[in-house]
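Written out below as structure tokens is the structure these notes cover.
In this document, chain identifiers A, B, C and D correspond to the written order of the chains, with residue numbering beginning at 1 in each.
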Amino acid sequence: MKKSDKNITIQNLKDIAKKFRDDRDWAQFHSPKELAIDMSIETGELLELFLWKSKEEIAEKLISDISFKQNISDELADVVHACLAFANSADIDLSSAVITKIEKTAQKYPIEKAKGLTKKYTEL
Amino acid sequence: MKKSDKNITIQNLKDIAKKFRDDRDWAQFHSPKELAIDMSIETGELLELFLWKSKEEIAEKLISDISFKQNISDELADVVHACLAFANSADIDLSSAVITKIEKTAQKYPIEKAKGLTKKYTEL
Amino acid sequence: MKKSDKNITIQNLKDIAKKFRDDRDWAQFHSPKELAIDMSIETGELLELFLWKSKEEIAEKLISDISFKQNISDELADVVHACLAFANSADIDLSSAVITKIEKTAQKYPIEKAKGLTKKYTEL
Amino acid sequence: MKKSDKNITIQNLKDIAKKFRDDRDWAQFHSPKELAIDMSIETGELLELFLWKSKEEIAEKLISDISFKQNISDELADVVHACLAFANSADIDLSSAVITKIEKTAQKYPIEKAKGLTKKYTEL
């Protein structure tokens, strides 16, 4: 069966990130702080692909320019890789963390108040 | 069964992020560019938890300070939430993206050359 | 005479940042690495003011919304403050650094090739 | 007289950034939002120079490794260049912004309370 988001668990990805790290004996460098710095660097590289470009240009390039789409996929993957390594290093269950946090955020942004708006919850 | 990284797929998390977005009619704001900006903001909030702190202090607080651990978990979750929303918006299969990219990175950092070192691949 | 960009030197601002730091005995925390992390956090706070907003909305708010303009000014100031503290910590003459780097960038982006374009220099 | 932080005003640097922009007809791209994104990207490039390195390694390299020092100076300059372009675009007097903001921050961190500590002002 082809590997895809439908059949890969978070643990599968965490294990791949862990093997990549341990094969290279890099656990010694993977503190949460360094990995958060790495996340910030990788996010900057993703952002660079969008700099100076309008939403329309980007939407068009995502369809017509295969190497642009590939670069975006690769840079997003680097950010997610850093997140997985972080979760491994800080011993965090990512699924629980995400589900719990989205529930908190949902309470800050109740549907009836936040629908269709971009205001911060402090202004709702 | 308790939800955890072992039984939650990437698609499960993407669906939760999609429902959160669609309940609020926010797809109109969720362009890849805005979500990359959001990723950068959320990464900054995660980094703030580590600012001025040594690795030793952080390791100690991760064990002894429950609210510190919770804050880290929440801020990491916000970054991952933005990544999921990005993957939804740009129609990216995250598992394939991460697995493909880690294979590329593994080739840039061959085990025999990179083991135990932090050099950039251009310097190996 | 009113203090303004016309009569304040970079050294004047560096001295203000240094006094702020030394009054609090914070030089011990001000390593270049921590200050680069701080720069990243502060840039995230500036970016947050623009998240989800179109250029038109922002341009309009910059004129009509005094507290928006003030918040932007404050967050930009925090980034610049971190840059000044960094220059103090790493003993960098900022003026020389900026002038030298803009000359390098000008060579990467020759006027006749780069005029009116947003391409990266590697694509010119 | 050699140009240095002692005799270069903020306006001098802003004018250099403005000329660089106008020579290339780039004012059309320089909205505050894009420049804040640029700031974030450039900060990531600065951070990358410190990733995985301890404070001791960095302090040592700053003295012994001329190209490391030059790279840091160049990347810091790119961040500051983006700040200057932002101030030009949003019509902000940087000196007033920085001096005003440092005074506010000084009130949040009174010397007698904050001396020698890294706590956030909300915890002092």
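One rule holds for everything that comes next: a contact is a pair of C-beta atoms (placed from the backbone, for glycine too) under 8 Å apart; a residue touches a chain by one contact, two chains touch by 3 or more.
Just so you know, these numbers come straight off a predicted model, no measurement behind them.
In terms of C-beta pairs in contact, A-D outnumbers the other of B-D and A-D. For the touching copies chain B and chain C, the fraction of interface residue numbers used by both exceeds half; the interface is of the same-residue type.
Centre-to-centre, using mean CA coordinates, chain A is 27 Å away from chain D. Taken residue by residue, chain B touches two or more other chains at 29, 37, 40, 43-44, 47, 50-53, 118, whereas all remaining positions touch fewer.
By the touch rule above, chain B contacts chain C in their complex via residues 29, 34, 37-38, 40-45, 47-48, 50-52.
Within the complex, the chain D residues that touch chain B are 37, 40, 51-53, 118. Of all residues in chain A, those touching chain B in their complex are 3-14, 16-17, 20, 23-26, 28-29, 31-33, 36-37, 39-40, 43-44, 46-47, 50, 53, 55, 58-59, 62, 69, 72-74, 76-81, 83-84, 86-87, 90, 92-102, 104-106, 109, 111, 114-116, 118.
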